[in-house]
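These are the structures in question, set out in turn.
Consider the two complexes below, in which chain A is the common component and chain B and chain C are the respective partners.
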Partner chain A sequence: MAVSIDDVRVVARLARLEFSEKQEELLTNELTAVLEYMATLDEVDTEGIAPMTHVRAVAQGVRDDHVKAGIGTDDALRNAPDTYADYFRVPKVLGG
Partner chain B sequence: MYEAVIGLEVHCQLKTHSKAFSPDSTSYGARPNSCVDPVSLGHPGTLPVLNRRVIECALKLGLATRCRIARRSVMARKHYFYPDLPKGYQISQFREPICTGGFVDIGRRIRLTRIHIEEDAGKSLHDRDPHATLLDLNRCGVPLLEIVTEPDLRTAKEASVFLQKMRQLVRYLDISDGNMEEGSLRCDANVSVRKASSSGLGVKTEIKNMNSFRHVERAIDHEVARQIRVLEAGGTVTEQTRLFDAAERQTRQMRSKEQAHDYRYFPDPDLPPVEVTEGMRRAILLTLPELPDARRHRYEEDLGLPAYDAGVLVEERHIAEYFEATHAELVRVVRDADPAACAKVVSNLVMGDVMRALKENRGAAFALAPERLAELAHLRMAGKLSSTGAQELFARMSREDGSAAAVAARHRLLQVGDEEALRPVAAQVLRDHPKQVGQYARGKRTVLGFFIGQVMRRFDGSPDPRRVRELLLLMLDEKVS
Partner chain C sequence: MAPPTFADTRAALARGATTCEAVVDAFLQRIAAHKHLNAFVHVDADGALSAARQVDWQRAAGHAPPLAGLVLAVKDVLCVRDWPLSCGSRMLSGFRSLYDATAVARLKASGAILVGTTNCDEFAMGSSSESSWHGPVLNPRAEGYVPGGSSGGSAVAVAAGLCHAALGSDTGGSIRQPAALCGVVGLKPTYGRVSRYGLVAYASSLDCVGPLTHTVHDAAIVLDAMAGQDERDATSVPTRAPHVGQKWLHDACGLRLGVPEEFFGAGLDAGIQEAIKNVLDRLRAAGAHVRSVSLPHTRYGVAVYYILATAEASSNLGRFDGLRYGYRPEGHENMNLEELYARARSEGFGKEVKRRIMLGTYVLSAGYYDAYYAKAQRVRSLIRQDFDQAFEAVDVLVAPVTPVPGFRLGAMTRDPLQMYLSDTYTVTANLAGVPGLAVPAGVHENGFPIGIQILGQPFDEARLLQLGDLIVRLLGQ
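Take a look at the complex of A and B:
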């Protein structure tokens, strides 16, 4: 289960992170080690067992459709690095 | 000859009070960033809890389109980076959606692949500031249903008809207002072309950003033509996402396959699977209203209405229900009522005066309660109102209290049928116009129209013109001979 340097670059791009070549190398080794550790689980025979995505076998955790006032514009914007009027302001984005 | 192969992805914003996973309000047009809370803003350490009404809406639409309902479906995280998505992922359903299969009938059966639950993102404003993008996150977490069709559509027109049908359906089910201008209904299209004789699929492109029925039709037509031009010139279509530019009336490339997103879906550990019991399923099934197609069929078959009338009346659920309430009342009050005859009279009134008044008052309530419209219809059926009289009575009744008969009497709108009332007035008219009587005597029969008009005028237009004509003919013959 070796992670390649290209894998690291793909993941970095998806996460909008930028690394130096040295850092990329370091991460390649570290991520490989993490995945090798997790690969221990492959030794367990899971034939015929449904994947478990949630620890608690809960009944529906749902709520009724009632409105509770949110935190309001001023508080919503309080921690933002940049704002304009009632808006968050971020670097120009184009396309999707 | 080429043939287009089209599949649609329709996003429908649900009519809930609070958001899909948090209790902040979904109201449209509020102050920017005022309808947000730590969950919808994606603050660390917050926990989403699904809104029960969202499941109910999904079940309604799924059952109305004959989908299979999953007893257990899973909320997943779909990751992508964009400023209008503060968590860095959208909660959506991926491998295990709540509804699969199903179909919508547009004259042909269009199969649905799936219907799933997801949350909306915020709104970006790109044109307010030349150097920055502004964000309003009020829409973050607003619940959506995504409806995905099989590639069963063949023309841009069919795609638009399908979308209109979807809009009608979600409005009937009262799960969405279906308003395309406000973005409650949005549509992406997957479009490819192939030789009409072939059954394989060509390379498809995805068109985004179509926010009206007309845009959908235009954008698909342009994209189909573009792909055919590429193929005819010996080129190949490349898989890509294209944006429809309404002003330029063309699609342009947004991103190609190589730049396509890698969403890294996985089940959201914060949200337990959505369980639908048989009891829930059955309870929702019982709340489903009669759907437009069934209703139209019944109007034509049982009430004998023309297809045109039936189509207009069922278009909106509240109008269909108003028509039915009025019709039921009319059938109740008319002795030995013929339901079909009653239906046509009510249909004419609803398609005419009622819908005209609704249009003029834009979305206001019905001008008359069904009982009062039935009274008016009753007078009309009994021959006591002319068509113009009915129109005027409708207008008077929407401003004045009182039964139809009382209001009509107050404004002398009832047709004067009996000879006793007509004869003295007709006699007076003939006495007042000896010159015209002389012309008639000399053979100028066209002056009859003049006399009819004079009599009608003195009665405020209410007598039945045929009876006036008969009476005048008799009286003139007596006078002239």
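Take a look at the complex of A and C:
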């Protein structure tokens, strides 16, 4: 499966990553090589085989619901790069 | 002088020949003397000494905790309250954990003394410990060669005698492979045996927390202390801890060993093959029944793993956006929100992490999902069936850990696919969810350590540990 540089640009946009043109070219080649290798899975007949989504499909347990202390505001903000009062400060989202 | 195992320290403490404080002090001196290995990213000397004094007081008062004297390092992907947590990434520079991971909390409660966090591949993505923002980790047993990864710092910390034990994480071999390349013991428990709460997620359906140690006994002790269900991880399992205790084997009588033929094909180093044959001969002589078995889908393991793991990673790493914590780029005041996300992630993540996020985003994207992700999930079912069928005929499987005894620093960083293929013998255990133990099995003619891998049925860690211990004794190591 050959990946095009346009594919790389679309996927980068989805992943919220940006690359230089040179990096895009390199990624195009690397992803093509890896995906070509992954195409070996086409050899495997998986007709009628259920996808494995988890190691053990066990019924989830239920526990009593008790109120417990969580992470307080001070702790939650402790690692934030930019804050205002009790808030995380982020760039303007609406408008120009 | 060889650094002590935990059993040595325990005996010395019992004799009154040392104190926890003296033990910690000796390790701290060794850590300082081995800085060039780059095994640690954070050392808390004051905290470790003060924890040691506290355990000494408890001992003096007759209330010694069960792990009194155990000096532990923790891979830099597990939360330790108030300590820096970076996952080997610029993305988390300056971050400090708000709580203890469950595995860490349980070990602390059992008296373990934490000395610091160990270096690793960025976000545990790698097989060489070269992709860390803190620089590569060096292998003390093989100069110029990688220590393996991603838990390379943990393996080196144990191999160089900088602690008794270290925690690692294993998503596709990241405990077993560095353990083998550094000549130490590494255990990847059954998926669900140890809580993942407080482990920074790479691929949630595959991630496991486990110990790296000098001896199999020490691995059993650390596993016992941290295993068990945790209400904070819904995938942790209410099965009792393995409690290997003192039930060690005198011989291998009655043990049914399977040798999976797919693990011994082209690409396996002749010296490693010879070492494993030697182990099997000795086990046979000790009474084991050895037979060949087949795990026919092994050859698809790497493809399945790198589709599923990168897909899960692309989702798990979506949380790193530079808003609530983590790296925020220069000039962010003049960016809009979209620009900030992209810039923070592009400058915060390293090359391999970005490559995997791209790959994972691609295989999950519209039009490719069925061809890659859904297909890989189906082949994963077949890989698990292979193990289920093999375990109908045998108790455990014996195999190599790595195809080669090591590779040079920088040898594979330009060819990601070659690096991925080095995980051939380890990834299938994660895909099937079974436990795997790597133990030293001799020395290669080039002087490098060789590891042997024992794979078992889910929750059969006790048997893996018993057999691993027996192998070590049969080899007279």
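Operating definition for what follows: the second predicted complex is superposed on the first by the 89 of 96 C-alpha atoms of A that agree within 3 Å, B and C clash if a C-alpha of one lies under 4 Å from a C-alpha of the other, contacts with A are read in each partner's own complex, and residues count from 1 in each chain.
We take it that a residue touches a chain if its C-beta (ideal position, glycine included) is under 8 Å from a C-beta of that chain, and two chains touch if they have at least 3 such contacts.
The model shown is predicted, which means the values in this text are computed figures rather than measured ones.
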Touch test for A:Leu14: chain B only (first), chain C only (second), both, or neither?
both
Check the residue A:Ala2 against both partner chains and state whether it touches chain B (first), chain C (second), both, or neither.
neither
With the two complexes superposed on chain A, say which partner A:Tyr87 touches: chain B (first), chain C (second), both, or neither.
first
Touching A:Leu41 in the superposition: chain B (first), chain C (second), both, neither?
second
Let me test your reading of the model: by the given contact rule, A:Ala50 touches which partner, first (chain B), second (chain C), both or neither?
second
Does the superposition put A:Ala69 against chain B (first), chain C (second), both, or neither?
first
Of chain B and chain C, the chain that contacts the larger number of chain A residues:
C
Overlapping contact positions on chain A, where the chain C interface meets the chain B interface
10, 14-16, 53-54, 56, 58, 60-61, 63, 71, 76, 82, 88, 90-93
In the complex, chain B residues that touch chain A
16-18, 23-25, 31-38, 40-41, 49-53, 55, 74, 79, 81-83, 124-126, 128-129, 131-137, 208, 241, 254-255, 262, 264, 267, 269, 271-275
What residues on chain A touch chain C, complex-wise?
3, 7-8, 10-12, 14-19, 27, 30-31, 33-35, 37-38, 40-42, 44, 46, 49-56, 58, 60-61, 63, 71, 75-76, 78-82, 88, 90-93
Note: in the complex, chain C contacts chain A through residues 94-96, 98-99, 191-192, 205, 231, 234-235, 237-238, 297, 299-300, 302-304, 306-307, 314, 321-328, 332-333, 335-343, 345-346, 349, 354-355, 357-359, 361-362, 365, 372, 374-382, 384, 416-417, 420, 432-433, 458
Contacting residues of chain A [partner chain B, same complex]
10, 14-16, 53-54, 56, 58-73, 76-77, 82, 84-96
